[in-house]
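Order of writing sets the chain letters: A, B, C and D. Residues in each chain are counted from 1.
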Amino acid sequence: MPLTYNIPMFSILLVLMSAMVIPFFSKKSWGLNLIRGVEVVVAALSAVLLVQLSGAGESFTYQMGHFPAPWGNLLRCGPLEALLALVFSLVMILSLCAGAEDIRRDVRADRQGSYCVLMQLLFGSLLAMIYTDDLFTAYVFIEIAAVTACMAVVAKESGRSVVSAIRYLIFSCLGSGLVLLGIALLYCITGQLLCSSLEQAVMELVATRTYSLPLVVSALLMTLGLSIKSAQFPFHAWLPDAHASATTASSAVLSGLVLKGYLIILLKLILRVYGPSLLATTYMDDLLFLLGLTGMLFASVAALRQEEVKSMIAYSSSAQISYIFLGLGLGTDAGLIAACYQILAHAMTKSMIFSGAGAMIRASGGGHYWSQLRGAARRAPLGGLAFTVGGLSLCGLPLLAGFSAKYCLAIAALDAQWQTAPALFGLAASSVLNAMYYIPAILAIWGRGKEGERLPWKWEREGALALFLLCNVVLGTAFGPVRDLIEQGLNLF
Amino acid sequence: MLETILQQRYYITAVLLFSIGFVTLFLHPNLIKKIIGLNLMDTAVFLFLASMGYIEGGAAPIVEEGAKASQYINPVPGGLVLTGIVVAVSTTALFLALTIRLYRQYHSVNLDVILMLAWEGKAED
Amino acid sequence: MKNHNVREDWYHRFLRWAGGEEPEGAEGPEDPERAEFQEYLEYIEAHGYMEFGAYRLMRFRQRREKGLEDPRGSLHGPPAPEPEPVHPPRHHRPGKLRNQILLYRVLSAVIVITLAAIFLVVTMNLPLFGRADSPAVNEVSQRYLEQGLEETGAVNAVTGMILDYRAFDTFGESAVLFAAAMSTLLLLHSPKSRMRTFRGPDQVLSQVGRRVLPVILLFGVYVVVNGHLSPGGGFSGGAILGGGLILASLVLGEERMARMLPAPRTSKITVTCLLAYGLMKGYSFYTGANHVGWEVPKGIPGAILSGGFILPLNLCVGIIVACTMYTFYSLFLEGEG
Amino acid sequence: MIVLEVLLLAFLVFCALATVLGKKMVSSIIIFMSYSAVMSILWFLLESPDLAITEAAVGAGVTSLLFFLTLRKINAVKGMEKDEES
């Protein structure tokens, strides 16, 4: 076995254990530097793995311990997982760099160590969700993500953040309860927990037509639980407050990454456990499609009415998550590719927008209403640029990441059956709605506002924002290669 | 029918408890009750799992050398439940800590009242 | 509310304790805030628990009518330089609370009935309870039971499974505990509370506790150490040990306990054990997947020093759980008095 | 045996309803404690002593203790008003 195959296990353990080392340091700044350093290492390792796997066109399973497949825990990695790990670690580093000042200001000095621990545990749990092939392991790491994400919200000292954190926790617990019951039901009728063995067992059950009701109900329960956790439209009530009241880095990570972690599990359920054909016969994919379609429109309409910049961005996250559901619900390979593209594009774009908005809010002395942000982009030019590019990307300006994802989705919709017209209509309407709230916002921040100090130049923040911009443009222009990579990854998933 | 009900008694209790706990966590305005609901929900799933592992006539899985698997109950659900219990207690502790923090600020454990106070506070900023 | 003449049984004393009252004259009755608190409590009792906080809202309104400044102003960050023309919140009017409660009740009844109906139909279609031919009994559990003894060296199949076959889950679970401990630390610990007043041990409790405490601690250690031989293991033993530590803090007084196990020390112990756990499992993950390296000898099944890494892992998990439980307790107690 | 089991299970559901619908939070939590105790007995009957021990220590012990501490905290308002005004 090549040495590089150890990378998934090694990166998960490295991240989790680096989080556990932090309490030993008494100097506060070390924590942040340590976790960023570890993330750089993980990003580099994932890049190496990605190059190797996509070059060889293979995927592999890695047994955790001395015991083979159905007995021990298993990790599974192919090009798609490596790509996701790479993008996630990049987003994590850049968000933490761009939001570093806000962390120092918003989080009390004696709590910054704990904050770093929790962020790193969150990242570790996301990595584990990407790589794991075992449903129960996935559940455990979902819970870690729930606990730590909730604390990422509450780390900022304000009454509002505690209120939104508790709502977040309530919904998280509801979601994980449903997921756990779904896993238990599935275990009850198949006796397996590993995805690969589950797939066989489920196929057998479908062929012999036994236990079909529990099977469908378990799929429903898990889908419902995961869509509550990823704030898909009717269940998004907790999202805007939680994401808006957190500190900048937390908002960027929560919106960009945490929601996607749950969707990756959903993707695994669809592809590895139930299989697309079962979903089609039980109309599950139509359900996903309709959820996505309504979410695209309603969440965008809700975003229109927001007077706070971060609330608006948070609602827009819910709308963008719906695109992923739409892609999953199309039920075709192209739809799945589009969903994965949207996962990557939205991870990059949304965290960039949050970071840019954080810089602008800082430049306006903490005001987060639109009227206070008038002219903020002149005070924090790179932050304003990041917000502008991100907004335009979500509206669908060509050559940016958001456009490529939408294009992918539109191509996928053309091949679908009855879904073509509604999907295209939804895409168009939601793009118009996106433009309706992002364009006025962009005009407002570049407009003439009250005079203020320019935000002092910090390499940490400006560098991170510039890299964000670069990544976004790369993801938008390198449409072909990225799409091929995803396609290869999905074939090997 | 009645025989099946009697046979599946554990599963039936578990799903009843799950629905009670789920709704309490979802809709009860009192935060303490919500946390109790969370615990009910989790223990319900654990009961479901634990009863799934039971085999009539099986012994606890303290194995002896050369024994047949059929002498014992299935140990897998037991292990899962052990993991789950600890996860549940962690979430509960976090939830309770958040409740205490909220109470310090709003002097209430009723989520509706808290939300109302928070909204008023926001409007007056 | 206090009635010293009647001898109360322990239950009522306990109820009063849980109700937040201090034992026997801990403070003077002339405290003005105390009177206000009493009024508050009476209001709550008159209106049932649903109305918690409504009194506060009422007082808040009264103050605002009198033109006093908003006491909660400091809670929501520095006041904005220009007051915003924000719409008054539409869906959180106080008069609506009662309707909301009604709505909640109806909705909960409906949801309970639907959920229960769906699940009941599902349970009727599940494999029958207690049968040996249910799908969950398959080659996986068979191997755990039949070959677990030689493969892991643990007599207790459950311990062998969670610490050897499925050790990654267990690592994740310890990480959840650690995350929860860090979160409560972040939420409830404040440097101000170093000046907290320590309460001495309660007389009756201390007499009983002194005799029970060693037994509990010993039992906890036994359960942890024998985790691979008898029922129990790191989690159950750790929880018992944690309970013992909590009892110790009640018996010996929090001050002595806090000197012996201050919060930084517990977190360092926890972290050391977690790291040890991670290193041991990292080693066996690596060697297991690559089929290289030295394998830990399994020992004679049934002996205390057997099962390879299982005994040290159990010890680590036990210490992690015990420390975390104690951390929860001490943090929840912090800032009282 | 089966009668005992059914009785215990019915008691569980009853406890769950009582603890959710009860007015007094203290008594709710006491009922929750007995719920956990019954649950641990049931797991003992299901031949899972590991779970029974853990549930008895965690559910009936630590969780309930945390609940009581929280109740004590949230009813003890003393000194909080002062904090906010300063």
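Just so it is clear, a residue touches a chain if its C-beta (ideal position, glycine included) is under 8 Å from a C-beta of that chain, and two chains touch if they have at least 3 such contacts.
Predicted model only: the values in this text are computed from it and were never measured.
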{"item": "Which of C-D and A-C has more C-beta contact pairs", "value": "A-C"}
{"item": "Length of the line joining the C-alpha centres of chain A and chain C, rounded to whole Å", "value": "29"}
{"item": "Separation of chain B from chain C, taking each centre as the mean of its C-alpha atoms, in whole Å", "value": "13"}
{"item": "Rounded Å distance, chain A centre to chain D centre (Cα mean)", "value": "36"}
{"item": "Chain A: positions in contact with at least two other chains", "value": "136, 140, 143, 147, 150-151, 154, 159-160, 187-188"}
{"item": "Chain D residues counted as touching two or more neighbouring chains", "value": "25, 29, 48-50, 54, 58, 62, 66, 70-71, 73-74, 77, 84"}
{"item": "Multi-chain contact sites of chain B, meaning residues that touch two or more partners", "value": "9-10, 16, 18, 20-22, 24, 26, 28, 30, 51-54, 58, 60, 76-78, 82-83, 85-87, 90-91, 93-94, 96, 98-101, 105-107, 109, 114-115, 121-122"}
{"item": "Inter-chain touch pairs (all)", "value": "A-B, A-C, B-C, B-D, C-D"}
{"item": "Touching residues on chain D, where the partner in the complex is chain C", "value": "23-26, 29, 48-50, 52-54, 57-58, 61-62, 65-66, 68-79, 81-82, 84-85"}
{"item": "Sites on chain C touched by chain D in the complex", "value": "15, 17-20, 31, 33-34, 36-37, 40-41, 48-49, 71-72, 74-75, 156, 158-159, 223, 231-233, 235-236, 239-240, 242-243, 246, 325, 328-329, 332-333, 336"}
{"item": "Residues of chain A defined as touching chain B within the complex", "value": "136, 140, 143, 146-147, 150-151, 154, 159-160, 162-163, 165-167, 169-170, 173-174, 177-178, 180-181, 184, 187-188, 193"}
{"item": "In the complex with chain B, residue positions of chain C that touch it", "value": "49-54, 56-57, 60, 70, 72-73, 75-77, 79-80, 84, 86, 88-89, 92-94, 97, 100-101, 104, 107-108, 111-112, 115-116, 119-120, 122-124, 126, 128-132, 134, 136-137, 140-142, 144-146, 148-149, 155-158, 161-162, 166, 169-170, 173, 176-177, 179-180, 183-184, 187-188, 229-231, 233, 235-236, 301, 321, 324, 328, 331-332"}
{"item": "Contacting residues of chain B [partner chain D, same complex]", "value": "6, 9-10, 13, 16-17, 20-21, 24, 28, 30, 32-33, 35-37, 39-40, 43, 46-47, 50-51, 53-54, 58-60, 73, 78, 81-82, 85-86, 89, 92-93, 96, 99-100, 103-105, 107, 109"}
